[in-house]
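Chain naming follows the written order as A, B, C and D, and within any one chain the residues start at number 1.
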């Protein structure tokens, strides 16, 4: 009952103070804060920007999130200053469960949940994709700890084309787990490649869905046709489960309408 | 010593339930697929997210925090409105109760009209404590409750009215629902509440005010059901903090003919099956033997 | 990060408290000796058991059960009435607030007259949810609240009015108390509740209905204080589920100028000292800096 | 959270079923029930007689209470039948903390909390007092496990007079702990004897006060001048603490009035 500790009593958001902000690309920043959140790679937290909103974010390190500015909440995070407080609920979700030889496939800011994986496991092959060389994230860290392959849509670095294209020509039989995070259509393409090669069940995809509660109650992140909650049953799903799902077809907005 | 109930379907408030355990409104209830999942997981019936006259995104976050002994939420009634009809298509003939809300009797009637064919029953949300102009702002006014109930009763589907505990006398509102033609009362929705983050000196919920659910409110819900059982002539469906077969029996003794379960599903989507395993036996007693027995 | 308050006396609602932590009414408050003990244990002031116009034995038992996250009680306002005057004799000049109740304004006035010399202030119990004819049966009626407050205000002692959360809109009752001349509002008394023993198929409390206190109601109490802080011009004293210095800070941010503590003393009579140790520093900030700061 | 066990969830009264009733004397019965309550000798429970009231009772065995009929609730217990359910909250209070050589002093039904003590510790000297031979409780059990001395007010058995009288002539220096329970005036006399001999601090007195909650909240069992709660700080108090107390002078009734 005595709880003047790091965590507030109950599970009210843990308030952390921003230490350092690193501008990674034009639209992506890494925000470091003053407390470590113990989590498995691929688990996520709900990040509260007081007065603005609360949004799901992967942990790119125990004390960091990697934010791409796309709307109100992410822009507010982009304008945050050292010393500002943000709230953290979580970690939530299942995270990745890789085994054996690991191939990681990241598109854009989807590299965030895969970065802790790359640091934790040795000898990962890492495919990093982005629109252009200036959008590539964490290349120096990743080239240190993984066998890094790069793909850019415009060919400004590495393979010229989508990461899925790079994948198509690889010998995937070498890998026991394929851990993937990126834009939904990129993930769908990767899933299709795995499916073509008959190994969709080796794929572990970290999905993005609109989320409100993060704990499997509100239903805003549920997916057709099985009613799985991305926040609690996911965010990481095995490829074969996603084959028959809504992935790549539609998702639901904040009101629950398909879009 | 433990009471076990007979397994099998039961009829409550005009709806044939597969068992006494119903998924509460707003919990995993926005998609047809998650409602179907809860039925597969053993729910006797499911209530949808509350659907209103216009699509709503809900309040800004945080919308929900989990406390040591309950859940505090202010979702803000996010809902796809009319488009929810599509979600129900794969659920034809399943025991799906559609929860609806509106700002006045006409809006209630309009929303109900969309689901007059697909709903097994309507549940009127006149009790959400944190959406201005809706929910409890109607449910604290007996005349409005009566009028909204009547507006939906004309679709000749069973009408359940879900009450808020945040009133001076819940039996007055229960009587209004009954007068309006309700087939059952659901008691209760969440208890109006707030928590503050002392570090940032502001309420933790985006909407500031929210509703408390889960174990903390069970004794309050039992009290409300007990009061309504004495004052009403229609069945009462108990809701609030139920998480075990024992809680179900206690609610029934207070007067509940069936129960709804929400917060306890957090982290445990298999809860309906677990409770059923504890609660039912082929040679169990009929729930009639215990509903309201604590009043004798 | 942690906020520490300046130690030393504070003046709230016309009473000089030794600190912000007050013993809640009805908890260890029937004897002068137990009130004195709580002051020795570090309470900043103490509120007596509610004293009424006639001695009462209270309800038959069980009068109280301890739940996992709260306490459910229906004492039934047992009190020695007038003879309580004797209990207060050794407590002259100590910060003792006398809680009183009655069935109407005259009875409130009569009881107050007995303590007009000995009480540091009066706290009007218009909020006990389980004593018929008293408590919440008055506290849900704004006119009666105003009249009872006026009837006591004429003794020129500070008058605190303690409200029930079991109303549709607590701010209406708060305003009535303020109109009647109250010097402070105390929020809240227990939340009306019930538990049933499934084995004997009857409510566990002798009085069937009781009041829920303790941790379970903290979010409800915070909400009530927050609402009253916005609507009233007199200080609000927070009560309900407080058990730590952190809870005290949270209540203050909601708008409480001081707090009352009851249930958390179970098993821990040294709680006042413990909370003080966490809460106060000689170089702490003034509570003025945080009272109501969650409203900005 | 799953709690279809012996104890109900939370601390609602544990319902026990009456097994057997033994009429010990004209007004005293031992009621045995079907569950064992783990408690220290001298701890008590709140006994709920559904539809009647709830009253404090010592455990005279893990599965038994010893009831003297004096009012509504105790009479209802006297009329109880095998198979009836009663509720138990507790155990509450501190219980006896004897050490070294133990002298037990019991008056009337005050023997109840001392019986488990007599069974648990070897070589106790036990003074058992009652009005008359027919009011003596548990003499055969006690003569088996203790060095039993008897006193009756009318001299119909053992020493003729009050137990305190018996005590006055004993060499109390032999005993490290004197555990006492009985009518208040009897306990006061025992305390006076100990005080005279300068060993009041060796006395452990199990007090009876009107109780409602049993858990130190309601205040109905508080004693002057220290505001100690008999239910939580007691029911067993050391003699020296009681010397300056209300013991033997007054107590409080159900409304809190002194009487």
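Keep in mind that, in the parts below, a residue touches a chain if its C-beta (ideal position, glycine included) is under 8 Å from a C-beta of that chain, and two chains touch if they have at least 3 such contacts.
Fair warning: this is a prediction, and the values are worked out from it, not measured in the lab.
Enquirer: Among the remaining chains, which ones contact both chain B and chain D?
Expert: Correct list: C.
Enquirer: Counting only C-alpha atoms to place each centre, which chain is farthest from chain B?
Expert: Ranked by distance of C-alpha centres from chain B, the top chain is D.
Enquirer: Cα centroid separation between chain B and chain C, in whole Å?
Expert: Here chain B and chain C have centroids separated by 33 Å.
Enquirer: Give, as an integer number of Å, the spacing between the C-alpha centres of chain D and chain A.
Expert: From the centre of chain A to the centre of chain D is 66 Å.
Enquirer: Hey, how far is the Cα centre of chain A from the one of chain C, in Å?
Expert: Computed value for the inter-centroid distance: 50 Å.
Enquirer: Please compute the C-alpha centroid of chain A, do the same for chain B, then give the distance between them in whole Å.
Expert: Chain centres of chain A and chain B, defined by C-alpha means, are spaced 35 Å apart.
Enquirer: Among the residues of chain A, which are close enough to touch at least two other chains?
Expert: Where chain A meets two or more other chains at a single residue, that happens at 8-9, 15.
Enquirer: Multi-chain contacts in chain B: which residues touch at least two other chains?
Expert: Those would be 1, 67-68, 195, 198-199, 202, 246.
Enquirer: Which chain A residues qualify as touching chain B in the complex?
Expert: Where chain A meets chain B, its residues are 8-13, 15, 46, 48, 50-55, 85, 87, 89, 212-220, 222-229, 232, 252-258.
Enquirer: With touch defined as at the start, can you tell me which chain B residues reach chain C in the complex?
Expert: So the residues of chain B touching chain C come out as 1, 3, 67-70, 72, 140, 166-168, 191-196, 198-199, 201-203, 208-209, 212, 215-217, 219-220, 222-223, 226, 246, 249-250, 253-254, 290, 293-294, 296.
Enquirer: What does chain B use to touch chain A in their complex?
Expert: Interface residues on the chain B side: 26-38, 49, 55-58, 60-68, 71, 73, 75, 78-81, 83-84, 86, 195, 197-200, 202, 204, 206, 262-263, 265-267, 269.
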